[in-house]
Amino acid sequence: MTDQLVGAATAPRPDRDQDERAARRTAKMRRYRRLGVLTAGWIAMVLVWELGSWWFGSRLLPRPHEVLLEAVEIIESGNFVTDFTASVLKTFAGFAVAAGVGAPVGYLMGRFRYWQAFFHDGVTIAGTIPAIVYAVMSLIVFGLSNLGPILAVALVSAPYVALNVAEGIRGVDKQLITMSEAFGRSPAQIRREVLIPTIIPFVFAAIRMCFAVAWKVEALTEVFGGRNGVGFQIRTEYQLYDIAGVLAWMFLFIAFMLVIERLVLAKAEARLLAWRPEERSAAL
Amino acid sequence: MSTMTENRRRSTTEIEESTSAWRKRLTSDGAARVAALLSFFVLWLVVSAVFGRVPGPVEVVVRLVEEFARGEVFGNFASTLYRFGVGVALATVVGIAVGVMMGLSQLSRAFFESPVLVGLSIPAIIWSFLTVMWFGFGDMSPIVTTFLTAVPFVIINVAQGVRGVSRDLRDMSSTYNVPLSRRVRDLVLPAVTGYVAAGVRFAVIIGWNGVLLAEWFGGSGGVGYRARFWYDANRYGGFAAWVVLFVGFIVLLDRFVLDRAIRRAFRWRDA
Amino acid sequence: MAVLTVNHLAKTFNIGTPRASRVLDDISFEVRGQTFVSIVGPSGCGKSTLLNIISGVEEHTSGDIRLTSDDGKPARMGYVFQDPRLLPWRSVMRNMMYVQDDQSETTVARAKRYLDMVGLSKNADFYPGQLSGGMQQRVGIARAFAVEPDLLLMDEPFSHLDAITARGLRAQLQDIWAQSKKTVVFVTHDVVEAVELSDRIIVLQPGGRIYEDITIDLPRPRRQSDPTVATLQAEVLARLEQMKEMSQLAEPVA
């Protein structure tokens, strides 16, 4: 018995190092292979694009490098910064309105059965209406002004916010509410200290979820009838038959919107939710 | 020790007896929905009064009846439905194929990840511009636009569903060397139907956007084309009539067709 | 100081439906002054429900319950739950202050004092997520005491903790109570714990009636290691065993 134990304690160590090295090599090879395939995906896209240019003719579909040159020009001329800022500001303004309207509605829906019944149909239908309808509607209401895109973003996003907030309220920790009531906290205190901190993560999730849709609606509304912004520039280029221009503006827009999504939204969320043990918000 | 302050509460029997019957009816769910409908109409009237360009409910109904009388409704709807149907059907087929691949294989996932991301990011308006230029007027442009806007959504939903298929079951299948086709048929597809349905539902909503946009900029009929006709003429009542028609249609479609389909697809999970 | 008077209190769940069940039946007792009262009984005998009714979280079906305080203000209640129920997004100190009616300097100082009594003054700025279960429960106890309530209700506060932590907290609870001397109503299924902590034990039997009202006359502070404590615990346990046997022989209460 003791022999076995002693044998186990003095097992030769070099084997473990060797195995670890082999494992590290395999892991590295796997990472490289993945990177290679990822690059292959990008290359495939560019190839398909080149093929399309050849097939449709470069007037109908400019070659990738033409678009790249155009994009560089746009940035150098400084136009991109002004128009991009305009579009981003309008998008966030729309979010503010959506949150301002959607959060109270969601709160009522989640808290009171009557309001749940009242708003349910409207919110569900509003969530199914295609973006183009909102875009044109906003233009009918406000004409050719900067308020149009803001309204469109608000209309598209408000249902998401309302539904998420309602979900958040419904899931609020009832035990915290009974605790507050047991200690004689007033309804206003409960709202401020329990309910609102509970729904903030949900508001963020809603914004994150519909950010992707929102900036596209914003651009769309600008295409239809904006006076500045990326969408407006896209329409101008299209009317001039400058497809390279259209695509250049689009790619720049997409790239920077993705950056905003990853950086700004994620950072703001992390700060507001610093109290969470996992430091990361629950995916919704 | 002189003044005594009391907390005394009513029992449930006391409370129940004191709420009147008509108050209960006024606060019921049905009453709430009616109140919502009425509020919506009042809001509409107010907005159309404040903003002169916005058509009121009466004008919209009048235009709606006119369009039916002119026979514009069925033909255009049929066109749009056809293009939408083809586009979404294609998106579903291709989306499932790519989604399953991405869900099963890490390498497929790496390969398709970027194209899918790009596809998700490109706005429908761009696709409709391009396809109209490439294919001219006719059915191709709306169909291709619908397909391109919807397919990324189907792909990511299906991929997510497939990846969620229990690791244990997949390991078991590979231990027993079950051939790939059988694995897909008996293990992956049944578990995935629910996610496919969810993806299709997303695709439907996005797809409508695509087809309408393409028809708006294209020239050959359809709901989008007809709506644009009214908008360009600054006769917003006509435009709103088509919006009402269209929204009514998709609401009915969503509630009576898709919702049921999704619930059926998730039967195994909720059983 | 406060007086809690309960008169013929009854509670039936799902009243009027076929699933109706009477959880409390004709409960009457009075608690006054600086005393520590435990309510014990097997699970399902309604002790948690009784506590919920006293605190106002639930409504009773019939009977009377009064809490009278004698300084002209409405009676203040403090509550300690089975789980800590701290607001996860607020620091420990803010949690302490959340349940206070005013945020004056004196109140803040008072809260800090009680936090110190449970040994957590260094953790005043921590978030609950950064504390262990036992530490969170200590905050819960300090929070309730810092309100300096006329009546302090405790619902099996140590049942979710491991044995060692629970023992430590019981000793700490006795120390705080000795310093602040509140009226405490303490619910537990653990008779041994009840004997260690209380001046008086109200025993509920299945069906929700009072079986016995036992006075515990041991001197304080009481420690588990003391043989007189252990003897009394065994006695009370035996009486409860008797009650269980009798209720099994008797017909089930509707």
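Details
Labels A, B and C are assigned to the chains in the order they are written; within every chain, residues are numbered from 1.
By our rule, a residue touches a chain if its C-beta (ideal position, glycine included) is under 8 Å from a C-beta of that chain, and two chains touch if they have at least 3 such contacts.
In this text the structure is predicted, and so the values were computed from the model without any measurement.
The chain with its C-alpha centre at the largest distance from the centre of chain B is C. Here the chain at the heart of the shown protein, by mean C-alpha position, is A. The geometric centre of chain A is 19 Å away from that of chain B, both derived from CA atoms.
Rounded to a whole number, the gap between the C-alpha centres of chain B and chain C is 53 angstrom. Separating the CA-averaged centres of chain A and chain C is a span of 48 Å.
Residue positions of chain C touching 2 or more other chains: 56.
In the complex of the two chains, the chain B residues touching chain A come out as 27, 29-30, 32-33, 35-36, 40, 47, 51, 53-54, 106-107, 110-115, 118, 120-126, 129-130, 133-134, 205, 208-209, 212-213, 216, 224, 227, 231, 236, 239, 243, 246-247, 250-251, 254.
Looking at the complex, you find that chain A touches chain B at residues 33-34, 37-38, 40-42, 44-45, 56, 60-61, 113-122, 125, 128-133, 136-137, 140-141, 143, 212, 216, 219-220, 223, 231, 234, 238, 243, 246-247, 250, 254, 257-258. For chain A in complex with chain C, the touching residues are 175-176, 178-185, 189, 193-194, 197, 275-277.
Taken in their complex, chain C has these residues touching chain A: 55-57, 76-79, 81, 83, 85, 87-90, 98-99, 101, 127, 129-130, 147, 153.
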